[in-house]
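Since the structure comes first, as structure tokens, the remarks are kept for the end.
All chains are identified by letter, namely A, B, C, D, E and F, in their written order; residue positions are counted from 1 within each chain.
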Amino acid sequence: MRILILNPNSDDSMTRSIQRSAEEFAAGEFEVRTVSTPGSPAFIDTYQDQLAAAPGMETLVREHEVETDAFINACHCDPNLDALKEMTDRPVVGIGEASMKMATMLGHRFSVVSTGRNSIPGKKALARKYHLDQLLVSVRAPIEDASDCSNEELFLSLARTAVDEDMAEVIVLGCAGLTGMDKKIQRKLGVPVLDGVVCALIIATGMARYGVSTSKVFR
Amino acid sequence: MRILILNPNSDDSMTRSIQRSAEEFAAGEFEVRTVSTPGSPAFIDTYQDQLAAAPGMETLVREHEVETDAFINACHCDPNLDALKEMTDRPVVGIGEASMKMATMLGHRFSVVSTGRNSIPGKKALARKYHLDQLLVSVRAPIEDASDCSNEELFLSLARTAVDEDMAEVIVLGCAGLTGMDKKIQRKLGVPVLDGVVCALIIATGMARYGVSTSKVFR
Amino acid sequence: MRILILNPNSDDSMTRSIQRSAEEFAAGEFEVRTVSTPGSPAFIDTYQDQLAAAPGMETLVREHEVETDAFINACHCDPNLDALKEMTDRPVVGIGEASMKMATMLGHRFSVVSTGRNSIPGKKALARKYHLDQLLVSVRAPIEDASDCSNEELFLSLARTAVDEDMAEVIVLGCAGLTGMDKKIQRKLGVPVLDGVVCALIIATGMARYGVSTSKVFR
Amino acid sequence: MRILILNPNSDDSMTRSIQRSAEEFAAGEFEVRTVSTPGSPAFIDTYQDQLAAAPGMETLVREHEVETDAFINACHCDPNLDALKEMTDRPVVGIGEASMKMATMLGHRFSVVSTGRNSIPGKKALARKYHLDQLLVSVRAPIEDASDCSNEELFLSLARTAVDEDMAEVIVLGCAGLTGMDKKIQRKLGVPVLDGVVCALIIATGMARYGVSTSKVFR
Amino acid sequence: MRILILNPNSDDSMTRSIQRSAEEFAAGEFEVRTVSTPGSPAFIDTYQDQLAAAPGMETLVREHEVETDAFINACHCDPNLDALKEMTDRPVVGIGEASMKMATMLGHRFSVVSTGRNSIPGKKALARKYHLDQLLVSVRAPIEDASDCSNEELFLSLARTAVDEDMAEVIVLGCAGLTGMDKKIQRKLGVPVLDGVVCALIIATGMARYGVSTSKVFR
Amino acid sequence: MRILILNPNSDDSMTRSIQRSAEEFAAGEFEVRTVSTPGSPAFIDTYQDQLAAAPGMETLVREHEVETDAFINACHCDPNLDALKEMTDRPVVGIGEASMKMATMLGHRFSVVSTGRNSIPGKKALARKYHLDQLLVSVRAPIEDASDCSNEELFLSLARTAVDEDMAEVIVLGCAGLTGMDKKIQRKLGVPVLDGVVCALIIATGMARYGVSTSKVFR
């Protein structure tokens, strides 16, 4: 089985981080490759960034459709996900959707830990789109933007606040750039911590194996 | 990896059907075993039936916890699921929860095809519990109870009505006894059709592999 | 009229407290008896505790159905309530359901005062089941578990916080063990304070007198 | 205990019907009196009718507050209920609110049988106000206005359709003018049928006896 | 075009303030006149106040219907709005409804700044009526009642808290008495600040020009 | 005041129809110009079509920002609306958002009349995004696609069904191509019928005049 992970931005170092996490989870049982999106911004922050990523993402899906069993959209705001699902017969899984829906199977309510305060309104709107708004107990983000994702202590402390003050039972890492921090935070806090990349791999490989993909009946 | 599927009722022929579907999906890549629940009714229909299944289900989890990587609760009403999730450190996945949540990743709205009209209010209440009530466009069930699940044409026709009249984009088979009908209906209707047993296997093996399980932080 | 109150746990001192409150409200106008549930845990805390109480509760209903006009389920998490409602033609009223629904007739929004923080996620899930989630403004519980319910000052102070900070207009006592504190807190805070035992008596005697009970049409 | 039932309209024959139902339920155990509202229209149909009833209703409450233990607002659209609750320390119970909330304790979902099609949007808006919109499965009303409430067969047939087609488990009579039809329909359909006048008496006498009334803390 | 603004209370100084804001927005392009409501309380605070304003408001609409193109209901709790909409073929616009709905077109979520803490439960209930409850992120009001609306610094500081702590993206002035503060607060905080009087003028003049008014089809 | 209407597709005849409706409403009081979107598909049907329209729409906004007072996005699925709102300090109004929100001010519930059945799931998802899902009583569309919008009788009959069967009180024309049919249908059915182009002009000119635009505080 071959999975192609689209990193919707053009930051190759983030692409490499995602690839490392994916390979570690794959453990040789399926092939996985992560690609940056040509022509995309370095970081997907705004709605305009999402649109700027669209042509490159669509091209990647079109070019790799034949040899790919399932695609993953590896930005936690799930940019252009509806269109990608619509354009191909292969399953396409967003890391935002997969991680937040998996979180609801592991506890009553979950929090998202995010890299910047400005992402909060959009994240809550996304949760509403997925009918998860009443299950998302909080989005915790630093005052100062931390979209370089380097400060592990910071994200650990945000997750701890989500558990202690908001009574989150599950933590979702709200940015592909946080990939790899899941197990460290999980060990320290004793709650499930979900990396969207892994959650999407679970769903995407499962769908491909099962032979199901986005319904096209009314499109 | 070893998965134990609990058939919450005591009908061994349904247990064998579930096992067949599970083995087919496993394709030798993981071990899977299905067991009937001792002391349980032959069919889980009422809230009392759900409670009657509880002691046997709890015993099975307790006895098999050590050698099992994840448990599956293979009745589509997810009986006693909260308690099973709570009692063990292994992941426990309900086929109702897994199939309905996976359905939401494959189309705008889904329908459940069920075996009897009386199950409809309970199924809708379950969907609400999972915050899926606005995504569940209908529950389609025959006027006459069909809990022996033998009449494939009947369930195909219910699914067709769900697509044509209710505009369901995805069909969820609402009873473990319907296992195995997914691909036939999918081929005929051209929409994704989900067997909860398979969906739960995807999630359960994924969770076990990932090392996450039900949050215990507030229990 | 004869009312049987099931204390779903096996703590006879709590049974006696419930009986005292019930007799005081009955004031001789109807008969009321409270019984502990044989084989049940001393306190219903977890989902497993709820299931452990089920066989004893079902037995009590079956044994006393003939001479009883209505049953009350006197644990605020309403354990096994759906099944009890389903199994008998007599009305069965849960103290959680009765108190929270009565609260909504006395003010815009209400808070539940509970005995332990761990009960909060479950209480909120219960409120959602009853479609009361947007009316339940908070669940206030002590940091340290106080399930012995002895510290009146503590619960008064939690209720005060609910009024002052959460703007609750009505307080619901979230545990049968708190029975009897209602009037003291009501006098001090000047807001309605509801003991679920009394609320359930109002509803249960009313239903019995009116001749209505749980619908069996689709069961 | 003395209960005063306000018939918000000025139709004395409806007032007498309400009084008959109330006396029958009271069975001599409490005093109950029903009064027409002076200056009110003959039937409360529109939002303007509701306002036209307000001065008379407020006057009745003010004049009878001393000797009355609880008030009942006996129009199923609960006209001016918030203001009446606010103006007196006595409990005030609306027959719409009481009957629809009691219905939710007797089955998964309920329908309201109403006297005219034009009442449907308002009834649904009222249900939403009470957070019951997802529990109200339908409002069934005749094509031709039937606000004289004389045709029992018509309302029986509407209730039957609600059960058969909408899968309502409980029927609520959506007009005080339908008082007295509850038991006949209940016997024929085998589902609980609720007369708001009786439901409100249960709640109002219970509140008065318990010593609780509308919260005034933020008014 | 002639717009009549009803100030639902009888405070002529507030009427003059509203008129000033309205004239400034009109800038001579349409005629606008504001009138106090005869027989109404000096301030609309409670549900009873709302009813007390009803006869005067209805009289004003009836008397001015012929020469008026659209009416505005200039109290932010939209008192008696449904009845006014129902009674005339002219458009009637409430400043609460117009401002809160316009707010949702300018940002993800909004806050209302109000004059007194006691108004909060009612304001939230109003938002729910309009299906805006999940978009209204907070209602900010001073501890001490400030219904004279004179303290601009106070309302600025409440708005700032709404932005900083509640992450409101838009501020709605929750009282007609606050009219005229919009631009000052908007300049200081850099977020859109909406005066309901202006919002209602936009909608009301638009509806009148377009030739649409409240549907009468089921009334 | 100068308004620029973006027709998100590249169909110049639809652009001319929109321009005619806009000019008629403007009646010389403000300038309005409608432009087709270069590089866009002839009809916006799918999620991919929406993305295909994005670059052209963004370019139009950027190029015309200086001399334009407000922009209108004249496709009823509001393609790329969040991004357009975000990128400019001018107000941007979608015809879907404006018409559906204005509909809620004119009746209890509304229906959308659309050109094709396949648009229904997307339209309902859009309504949910705007928190209007419980107010949108139905989307009525022909079995056969009618995206050329020429058959007035067809759309009249769909609207009639929405009123008669779904009890819609207001009709929203669900496609810019239906512009100009509003008054004819309104006269025949006697309910308000809303053309999104006009609704958006009302809101857009109002916002521009008022000096408010999309909040940028968290972007």
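The rule is short, and it goes like this: a contact is a pair of C-beta atoms (placed from the backbone, for glycine too) under 8 Å apart; a residue touches a chain by one contact, two chains touch by 3 or more.
These numbers come from a predicted model, not from an experiment.
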Quiz item: Which neighbours does subunit A have in common with subunit B?
Solution: C, F
Quiz item: subunit F and subunit E are one sequence twice: same or different residues at the contact, by the over-half rule?
Solution: same
Self-check item: Chain located farthest away, centre of subunit D as origin (C-alpha)
Solution: A
Quiz prompt | Superposition rotation for subunit B onto subunit E, Cα-based, multiple of 5° | solution = 180
Quiz item: Once you find the CA centre of subunit C and the CA centre of subunit F, what distance in Å lies between them?
Solution: 51
Exercise. Could you put a whole-Å number on the gap between the CA centroids of subunit D and subunit E?
Key: 32
Practice problem: Please work out the Cα centroid separation of subunit C and subunit D, and write it as a whole number of Å. | Solution: 26
Quiz item: At what distance in angstrom does the C-alpha mean of subunit C lie from that of subunit A?
Solution: 42
Quiz prompt | Multi-chain contact sites of subunit A, meaning residues that touch two or more partners | solution = 107-108, 117, 120-121, 125, 128, 134, 167, 169, 218
Exercise. Just spell out which pairs of chains touch, all of them.
Key: A-B, A-C, A-E, A-F, B-C, B-D, B-F, C-D, C-E, D-E, D-F, E-F
Quiz prompt | In the complex with subunit A, residue positions of subunit B that touch it | solution = 25, 29, 93, 97-98, 101-102, 104-108, 130-132, 134-135, 163, 167, 169-170, 183, 186, 189-194, 198-199, 201-203, 206-207, 209-218
Quiz prompt | Touch list for subunit B against partner subunit F, complex | solution = 107-109, 134, 167, 169
Quiz item: Which bits of subunit F are touching subunit B when the two form their complex?
Solution: 117, 120-122, 124-125, 128, 133
Self-check item: Interface residues, subunit C side, partner subunit B - complex
Solution: 46-48, 50-51, 54-55, 58, 80, 82-83, 85-87, 117-118, 120-121, 125, 128-129, 218-219
